[in-house]
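Heads up, the next two complexes both have chain A, just with different partners, chain B and then chain C.
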Partner chain A sequence: MDDAVAEQSPLRILIADDSDSDRLILKTLLKRLGHEVLDASNGLDAVSLFQQEMPDLVLLDALMPVMDGMEAARQIKSLAGERLVPLIFLTSLSEAGALARCLEAGGDDFLGKPYNRTIIEAKINAFNRMRLMHQTLSDQRDLIRERNRQLTEEQEIAKRVFDNVAHSGCLDASNIRYHASPQSIFNGDVLFASPRPAGGMLIFMGDFTGHGLPAAIGAMPVAEIFYGMASKGFNGQDVLREINQKLTRILPTGMFCCGAMIEADFKLNQVQVWNGGLPDGWLIRSSGDRQALPSQHLPLGILAPDQFNAEFERLGAGPGDRLMMMTDGFLESADRAGNVFGEQGVIDALAHLDHSEHPFDTMMSAVHRFTGGFKDGDDLTLCCLEMSAQAGFSPLPDRTAPSALAGPAEWRCSYEIREQTLGEFSPLPLLLHICMEVPGLRRRSGEIYTLLAELYNNALEHGVLELPSEWKHSPEGFGRYYLERKRRLGYVEGHYIRFTLHHSLKPDGGRLRVVCEDSGRGFDFRNHPSATSGAPPEGSKRYAGRGLQLLKRLSESVRFHEQGNHVEIVYDWHFSGAAVNQGDVAR
Partner chain B sequence: MSDKPHLDEEALAELQDVMEDEFEVLIQTYLADSRDRIRSLREALEENDSDAFTKTAHSFKGSCINIGAPRLGELSLNAEKAGKDSRLKEAPALLDAIDAEFHQVAERLQGLLVR
Partner chain C sequence: MPIQTRRDDDGKTLVIRIEGRFDFSTHQAFRDAYEHGDPDIRGYVVDLSDTTYLDSSALGMLLLLRDYAGGDSARIVIENCNNDVRRILSISNFEQLFNIR
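Now for the complex of A and B:
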C-alpha cells in the first residue's frame, strides 16, 4: 500500500483470542504486515497487557473464557481515556443483536472469520488514519488550550500593570456616575478622572481602535500624561495636545483614539468640552433642557501637533446640570437579532427622561431593555458628570514617593510672559512646579495653585484685557465675555504679566511671597469696597469679591501697590499643619 | 447431510502462503486445539451444561472456518444452535458426526503436510 509515511510506521497491536490456531494465524498475518503484536488468550490477560504496553490498536474475540470480549472492551476503552485506541471485534457472530452489543461495549468495528488478509490490512490502515487524525486534533486542542492559558495569564499580568498606571482616579466622586467593564481596557475603552489642584475636574474618555493588548497598550501613555499633567494643574487643552502628540508619534497608521475631554469648573459654573470622534455628548440641564455636544474634531493620534485643534466648547453649567459622554460600544449594543441601540436609542431615551430618575440610570436601563440581557455591558462605557457646588471628592492619593531630598529653602525667582504668549501659554504649571520643589509646600499644592491661578487670571482678564467680570453673570454676557476675551488677546502688544516668587525659612516652617505685576492700567484699590471692607463689589473692573476673599482667606496678607496692578501675597506654612490641604475642596 | 467440502483448498493455500515455515505448527496447533474442544463438548454433554456446550461449539466453529474446514465448521454451527435452543437430545448424534468429520479433516491435513 502506498499510504502516507505515518501509516506505514509499525503499530503495536494487541490481539486476544482463546483459539490458539486463530491467534497464531492473526499474529503471523500482522507481523508480516510489519506490526508489533502482543497476544492474550482471554479478556483478563488482554486488559492487563493493555495497561502495561499501551498498544495503538486492539483486536478482540467476542467470546472468551475468564473475561469475555465485551467486558474487556469496556475496561480497555476506559483505560484509554482521551486517547483513541481503535478496537475491532473478531467474531463469527452473525446475530444482529450480538453485533450491536459489541459496539455498545466500545467496539469500533468487526472482523469476521475466516480472516481475509486484504480486509484486515485495509481496516487496520483505515483505523490508523482515524487514530492519527484524532491524535493531531487532540495535540492541537492541547496546544490551543495552553496558548489560551498563556494569553489569559499575560492579560491578567498586563491588567495589573494597567490598573496601576491607568487607575480610575476620582471616578468614585459623588458627582460622577459611570459604567465601564472591568476588562474594558482590552476593548480599547479608557475612562480617567482627576481633580484639578485648584478645584474642578478633568475627565477623559477614550476609545482606541482595535481590541485586545494592542488597544490596551495605547492607554498606558494616555493615562500617564493625563494623571501626570492634571495633578500639576495643566488645563484640558494642554493635556489634550500632549496626548495627541504622543499618540501621533507612537501609534501605527490606522490606529487612533476617539476621545473626549471634559474640564469642569464648579466655581465659575462652567464646563468645557472637546469631542474628537466619540458619539454626541449631552448637556442635560436641571431644567430638563438638553444640548447635544457633537464631535467637532478628528480623533487623537492622527493630526500633527501644528494641525491639531484643541479648542474647547465652553458652556455655562450650574449645580444640577449634568454632562454625559459615551463610547461607540454604547450605540453598538445589540439585541439577539443583531439590531443596534444606535443614536436613535439615545435620543428616544433622553426624550423620556423623568425628573425623579438620574439620566445615567435612564440610559443604562434603556440599553439593558433594548438588548434584553444579550451580551450586556461587554463593551460599553458611559459616564455622567454632575455640576455640583459641593463636589465631595477627596484628593487623589499621593502616588509619588516622597522625595528624600530636603529641597530648596532660600530662593527667589522672577518669570515674565509677554505679548502673544499671554494668549497661548499658561505659566501656572511651571510656577506650581517650582513651588513644589519645597517639601513643605508639596502637601499644599491645591492652595498654592489656587493663589497663583487667582492672581494670574485677574492679571490677564481684568488687568491686561480689562474685561468686566459682571458680564459673566448672565448667560448672554457669558458668551460675550469669552468672545471678547479671545478678540482682545489678539491685541496684547507691549503687555506682560510678571511673577516674582520668594521663599525663605522661618523657625517653624516657611514663607512664600508672591508678587504679581501686570502691564494693565490697574484699579483704584484704595476705594475698592472689597479691598478695604470685604463687602461685595459694585461694578468694579478688578477683583470680583469672591476672588479677593479667597486670596485673603488663604494667605497671611494681600497688599496692592502702585496703581493697583501690583499685588503682593504672603503665604506661610508650618511643619505641623503640612497635612491640611483645603484648597482641593471647592466651595 | 452437507454438500460442503472437507477442506477448502483455496483457503489453505492462502494460509500456507501467510504462514510459510510455520504452517506445520499451525496445523498441529489446530489439531491439538480441536481434540481439546471435542473433549470439552463431551464433558459439557455429560454434565448437561448447554451453555458451556454452546460456547465451545461457537469457538470450535470459528477456528474450523479459519483453518479451512468448512464441513466441520457447519457441524459445529449445528451443535452451537442445538445448545442454544437447549436441544441437547440431538447432541450425541451431532457429536458423533463431528468426531467422524474431524478424523477426515485430520487425515487430510496430515496428508497436506507430507506433500
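Now for the complex of A and C:
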C-alpha cells in the first residue's frame, strides 16, 4: 500500500465522552474530516466498542461515569496488544499530576477542550503517521522473523542431507581426536576421515571461503568424492586432484577451499601431508620433537587441473607420533577484547606440551583459557591423528549381503600397464573394483587390496625400478628412496607390469588366483630368506621382507617363477564368511 | 573512502589502494575500482600499504580481479603488504598467482 494514500485514507476513530454536546461536536468535526466515527458515553462502552470494532485511533474523555478514561485507556491498550492504537485524552484538566496520570495509564497525548479544528486535524494526522510507521516496522519484523525461521529450517534440512553424504566416516576411530561444531558446515568447515582398503587412513580438512549455504554447498561434492574414492583405494593425490578439478569447475571465481589431506600408512610408519592454505599443521613426535607442516600450495578450486600440484610431503612417523591440523577459525578465536589466539597462541601451547596430556586436549584448553568462554568453539575445527599400529584395520561396512549366486564367479582377466603410464597411473583401484564384483570377495576388500598393493609395489619399486629396500632403514635413506623412485619413473621405456586375475568357484566358496609379472630382472628367490622360509629373517626390518610375510599370511600360497619376476598367489574364501586366514595383519 | 584509485605509467596502470580492512565489506567498492572497461589499462597494482587486515573473501576478490585482467596473462602487482597481510597471502601461496613485492 502506498503510504501517502494510506495517510489520506479515512480512519475509524472511537470517541468516548459523557457530555452529549461535546461528543456531538467532536463527532461532526471528525466526520467532516472524512473519518468514520464510533461513539460511547462512558469508559465501559468504549472498551466493548473497541473490542468489537478495532478502531485505528481512540479519543477518550478523562472523567466519565461507570468507568473513567484512565481505566478505559489501560484496558484498551492491553486489548490492542502489539498494535499501535494512538490514544488521545480529551480533557479540560490542566493540573500536571492529573495529566501525567493520563499518560501513565497509556495515553499518548492530550487534546484540550474546547476543541480546535486545526489542532485536532494536525494531531490525528501526526498520530496516524506514527501508527503507519509502527505498522510497517511490525510487518517487516514479522517478515524477517519468518524468513529467519525459514532459513533455520532450511539449514536444518540441508544439514541432514549433508550429514547423510558426509557421514563422519572413521572420525570416531580411537586414534583420532577432533573438534568440529555441529553447525561448522555453515562456517564452511569440513572434516572427513576414511579407512583405506589396504589399511591406513585418509583425512581431509577443508575451509571454504564465505559463510552460510554458499560455503556449505561446495562441501557436498567434496564429501562424495572423498568417501567414494577413498573406499575404492585411491590414494590422497588422486582424491585431491579430483576434488580440485571438481571445485575449479563448479565454484565461481573468488570462492575456493583451503584444505589439507593426510594419508597415513601405519604399516610403513609413514604419513603424507598436503596443505593448501590452512594454517601450519604439526607433527608432534612421541619424543616431544615437533615439526611444522606449512601450507605449500594454493587452495583447492583455483588452479586448472594441468597446473595443480598434488605433491605430498612424505614423513616417517611411528607409533605414538601425532599429526595435528586446524582451520583458520582456530587461530581467529578471540577474547572479549577482540585479541586473537593466533599462530603465537598455538606455538605457546605447543611449547607447554606435557607428556601426560594429549596435545589435542592441550590445544583445546589453551584456546578456551584464552577466549575465556567468549564465542567459544562455534567456528573452529581441530583434528589430531595418532599413528598407531592397531588403527585403520576396521573393515569397511558390509554394504550388500554376500551371495555367491549374484555377480560374476567364473572369470579371468589380464591387465598390463606399460611405458610411462607406470609412473602416472595406479592400476590398484581398477583391479580392486573388478574383484569387488564378486560378493564373496567384497567383504574382504582390505585383504584383497593389501595383496594387490604389495604385489604391485614390489613389482614396481623392486622389480622395474630396482630400488634397494635397505635404503628405507634410515631417515635419510627414506628421503633418498622416494627421490630416486620419482627420478627412475622417468626412465621406464620398455617396462611393464602385468596382472592376471582368475576367479573360480569351489564347493565351499571361491578361489582368486593373482599372477603379477614385471619386466624387471627379478631376484634370487631361491636363496632369499623370507621367500623360502615361513619366518621373517632374524633382525631383518626389510620392508620387502615384511611385504612378503604379509602376502604369505593372507593367502593360501605364494610362489615365485622364472627369475623371480613372476609371482603367483592363491587366495581362498568361504561361504560361511569365517575367515580362514586369521593372520593379524596389523602385527 | 577506503578504496582509492589512480593511474600510473602514462595511464596504463591502475593503482588500487585499500585503506583499513580488506574484507567482504569492501567487495563492491573493490569491484567498482577496476570494472570500468577502460581499454588503455594494461596492468594493475594493488597497494596494501594502508591495509591492516585481509581475509579470505579478500583473497577471493583478488582472484576476481585476476580473472577480469585476463587470468593467467593478467599483470597484477600486490605491493607494500604489512607482515600480517603478507603472511595470509603466503599461507595461501598467492605468490604463485600474483607478483607480490
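In the analysis below, the second predicted complex is superposed on the first by the 552 of 587 C-alpha atoms of A that agree within 3 Å, B and C clash if a C-alpha of one lies under 4 Å from a C-alpha of the other, contacts with A are read in each partner's own complex, and residues count from 1 in each chain.
The working rule: a residue touches a chain if its C-beta (ideal position, glycine included) is under 8 Å from a C-beta of that chain, and two chains touch if they have at least 3 such contacts.
What you are looking at is a predicted structure, and each value in this text was computed from that prediction instead of being measured.
Asks: Does the superposition put A:Tyr115 against chain B (first), chain C (second), both, or neither?
Replies: first
Asks: After lining up the shared chain so the two structures overlap, which partner does A:Thr28 touch, if you call chain B first and chain C second: first, second, both or neither?
Replies: After superposition on chain A, A:Thr28 lies in contact with chain B alone.
Asks: Looking at A:Leu63 after the superposition, I want to know if it touches chain B, chain C, both of them or none. Which is it: first, second, both, neither?
Replies: Once the two structures are laid over each other on A, A:Leu63 reaches chain B alone.
Asks: Once the structures are superposed on A, label A:Trp274 by its partner contacts, choosing first (chain B), second (chain C), both or neither.
Replies: After superposition on chain A, A:Trp274 lies in contact with neither partner.
Asks: Between chain B (first) and chain C (second), which, if any, makes contact with A:Asp20: first, second, both or neither?
Replies: first
Asks: Is A:Cys258 contacted by the first partner chain B, the second partner chain C, both or neither?
Replies: second
Asks: Just chain B (first), just chain C (second), both, or neither: which does A:Phe312 touch?
Replies: Neither partner.
Asks: For chain A, give the residues common to its interface with chain B and its interface with chain C.
Replies: No residue of chain A touches both chain B and chain C.
Asks: If you look only at chain C, which of its residues touch chain A in the complex?
Replies: Where chain C meets chain A, its residues are 56-57, 59-61, 63-64, 67, 91-94, 96-97.
Asks: Would you pull the chain A residues touching chain C in the complex into a rising list?
Replies: Touch residues, chain A against chain C: 207, 209-210, 253-256, 258, 276-279, 294-299, 302, 328.
Asks: Chain A touches which residues of chain B in the complex?
Replies: Contact set of chain B toward chain A: 11, 14-15, 18-19, 22, 25-26, 29-30, 32-33, 55, 58-59, 61-63, 65-68.
Asks: Under the stated contact criterion, what part of chain A meets chain B in this complex?
Replies: Residues 18-22, 24-25, 28-29, 32, 61, 63, 91-92, 113-115, 117.
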